[in-house]
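I have a structure I would like to understand better, so I am pasting it below and will then ask my questions one at a time.
Per-chain numbering from 1; labels A, B and C assigned in written order.
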């Protein structure tokens, strides 16, 4: 009796874990989502919207506006602002067909590619054919977020939303006091000279929060593009160039050199990126290098921003040839998950169409003026975003996180962790070896 | 069993009824997921619903057991265990003696010692990682004040130091709680035992060693098992204070299985760590239960 | 002379014990005081050094914390979930522990090992399966399901603790009751339950804290923001985009208060239970 029960439980467990879900085959999908009848359709959004942040209300307004316009559709959103919990939740929900949300926010790259390869993400092309004017709403910045040909899949996956570029922001007062002309900061060497000068005068140049390991991760990516051009991303991704080769060691050494001289921070592994911003925003260091989302963040009651003393310049080049190659592109994009329910998919497409429509985007931008992958037709925005947008307009080529051009999903964590080693005193040889060892281990 | 009497059968069924609700809940929500994990640990899967699950046999176990990261995480778990037995146990037992003694204000002390555990791990982790910040934390401030700023290091970012910081915070948090376990044992000692001890002139430290501690044997066993299992599974406090970093230097096996599974998407590998932990914990608990504590009976 | 000496030593011993007790209490309180002080400060003040008197007593961080995290609602939700989990866990675990500790059927050994295994299971390896069960049953946003899960993950430890305690008790007690014609249920409720109060209170605290502050399952299973529990609501503060520390500390202090109140209420019971244990054991 007991044995039988156990056997039954075992068998049930096996079936549940191996059993495959048969998808409803849809031969003739109706792509005209505007003229479709919706009755009691519920869609779920999985996002990183932050209710405590200024953007929380703006996003909620979009959801409310949509539900008012289309009363047959209910939008539920799962908003998880912190990165690791958001990632955890997405991983768990995407592990089984029955729990997948209808729309997920993501940053492109190999994690999304995994979903695309499993045929879980809706191809937007037929919808853009249905509504050609919708496709016109997007500028080209976010193209990298929707193109997965490098992973062997044709089509357009995902709807790009925000955009970014990693730039150098400086504190005008500090540079003036120390006799540094921001216009002279063209190359990495210029920047290092400026750092030396600041350090001599007892001023801290950077105060990076490498406890969040994306900080060196971004620095590594942007230095790669500024040294070898954006094509390095694909070369590294295909392993034509190795993570422990001379090219990459040169990059690690550039970071290491700056770390060893104390330019990048006094408490690299103790501060997180929030503390980094706080220190810069209150005049505790001269520079901060960050994505342009920095421009639109809540800078209320901060003197530096009220008196417009913070400015943006292009990240310095290492090789002049690649002055206009940068880290950036689409930041967030929304991906519609093919849950197998035609109504839900149609409603999700309709939601994204609404979210990226002119008025909605303009209203959002007025409240949160960060660079967008969708065209903005309003003049609003603060001085810093305007500066950033001018720089972006001149950029010739961009790539995102360099690890995302790799086919292995673990690379973004592997490389960022290994780079953290630089702050712990590891040599460039050790950084390279850590990465290649882990690649071998995970193969 | 069917040859036995009706009365026996009734009593048997009654006992079954007593344990059944717990057994069912545990089977459905704990054991079924573990069986699933065990099965995944023999496969390679990227964690995406609908993607193929490929049989790889024992490969995940071999890779896990030969990986430096895994053994480093086991070492961290060992630090937790060492801290548990060498620091936490004496402190908790000592506090239990204090709050069950005839001192005035034991109520207040008991409530005070129990407070940290009431805060919840997230709050405790947040609080202490601020306190240990090398720039503006309290410890750094203190060292500066006594003129030893050269002793200030990045406590939470230096390998080995960071895991010990977490272990100590863990003891800070749980000392009061374990005090309760021991106190429950101490007050259960019958009064006549105390009186007999007093008559024999057995007081103070002597009484603690020869009377109180041996009579709390069960509670020491409970503590040992909870400590070992808790240490092997330690996750929350590590995650709240260091996220297991930098470079996984403070990761415990539970942190490792989490990151490998949900960040690296190596579900099979993550599963193998889970199963190793589970089996190891079970063996250690049973050993403690059967060998060490039963022998003395 | 020797009497005096004796008294002196006893006095010294007592003094030493007070010293240790007070020192330990200070070690416990110090971080809380620092946190409280920090909760009254602005960001810049915190970054200058945590251990200092706030220049201005700025209670503004508290309303900020309440607003952003919908703190009162979250605290209420957490309390409900925690109390329900606690009740269900004790109701299910006590009879189980009684049977395992007092009956001699061989299958009970297997049941005991099952619960032992349950204590050892790392939570994260069950996430995917539990989510699968939840979507199969359609229990998204259901507190009942959440409470069941919480119970499942506390049950093993509760059974383990209770079994340990009951088997340490004198068997004579329930045998006498049996002779008086008491059934198992009456022995359990009328005789063992009062004696077991200290251990129940001990476990209750842990279950309560777990239910009150659990994050991982509530993150996956509860998506309706009006049903958020406290840790879930707290995520808004530790988010990467938020650089405001004052409200974070304020929230830590606020989330503590209900726990303290509950403890102070429960405290009397623990005390009474311990006395009962001492008298009857």
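Note that a contact is a pair of C-beta atoms (placed from the backbone, for glycine too) under 8 Å apart; a residue touches a chain by one contact, two chains touch by 3 or more.
Fair warning: this is a prediction, and the values are worked out from it, not measured in the lab.
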item	value
Which of B-C and A-B has more C-beta pairs touching across its chains	B-C
Farthest-lying chain, centroid of Cα atoms versus that of chain C	A
Mean-CA-position distance for chain C and chain A (Å)	38
Rounded Å distance between chain B and chain C, as computed from the means of their C-alpha atoms	14
Whole-Å gap separating chain A and chain B, where each centre is the average of the chain's CA atoms	37
Chain B residues counted as touching two or more neighbouring chains	27, 31-32, 36, 47, 133, 135, 258, 261-262, 267
Junction residues of chain C - those touching two or more other chains	47, 127-129, 215, 238
Multi-partner residues of chain A (at least 2 other chains)	16-17, 88, 92, 95-96, 99
Residues of chain A defined as touching chain B within the complex	9-10, 12-14, 16-18, 20-21, 84, 87-88, 91-92, 94-97, 99-100, 111, 114-115, 118-120, 210-211, 213, 266-271, 409-410, 413-414, 417-418, 420-421, 423-424, 434, 441-442
Complex contact set, residues of chain B against chain A	27, 31-32, 35-36, 39-40, 46-51, 53, 63, 67, 133-135, 154, 156-159, 243, 245-248, 258-259, 261-267, 269
Of all residues in chain A, those that touch chain C in their complex	2, 16-17, 44, 50-53, 76-83, 85, 88-89, 92-93, 95-96, 98-99, 212, 272-275, 277-279, 281-282, 284, 297
Chain C - residues contacting chain B, complex	13-14, 17-18, 20-21, 24-25, 27-29, 31-32, 34-35, 38, 46-51, 92-93, 95-96, 98-100, 103, 105, 108, 111, 113-130, 133, 148-149, 151-153, 155-157, 159-161, 164-165, 167-169, 184, 198-199, 201-202, 205-206, 209, 212-213, 215, 230-231, 234, 238, 245, 248-249, 252, 255-256, 259-260, 263-264, 267, 270-271, 274-275, 277-278, 281
Chain C partner contacts - residues on chain B that touch it in the complex	11-12, 14-15, 17-19, 21-23, 25-34, 36-37, 47, 91, 94-95, 98, 101, 103, 105, 107-123, 126-128, 130-131, 133, 135-138, 141-142, 172, 175-177, 180-181, 183-185, 187-191, 204, 218-219, 221-222, 225-226, 229, 232-233, 235, 253-254, 257-258, 261-262, 267, 270-271, 274, 277-278, 281-282, 285-286, 289
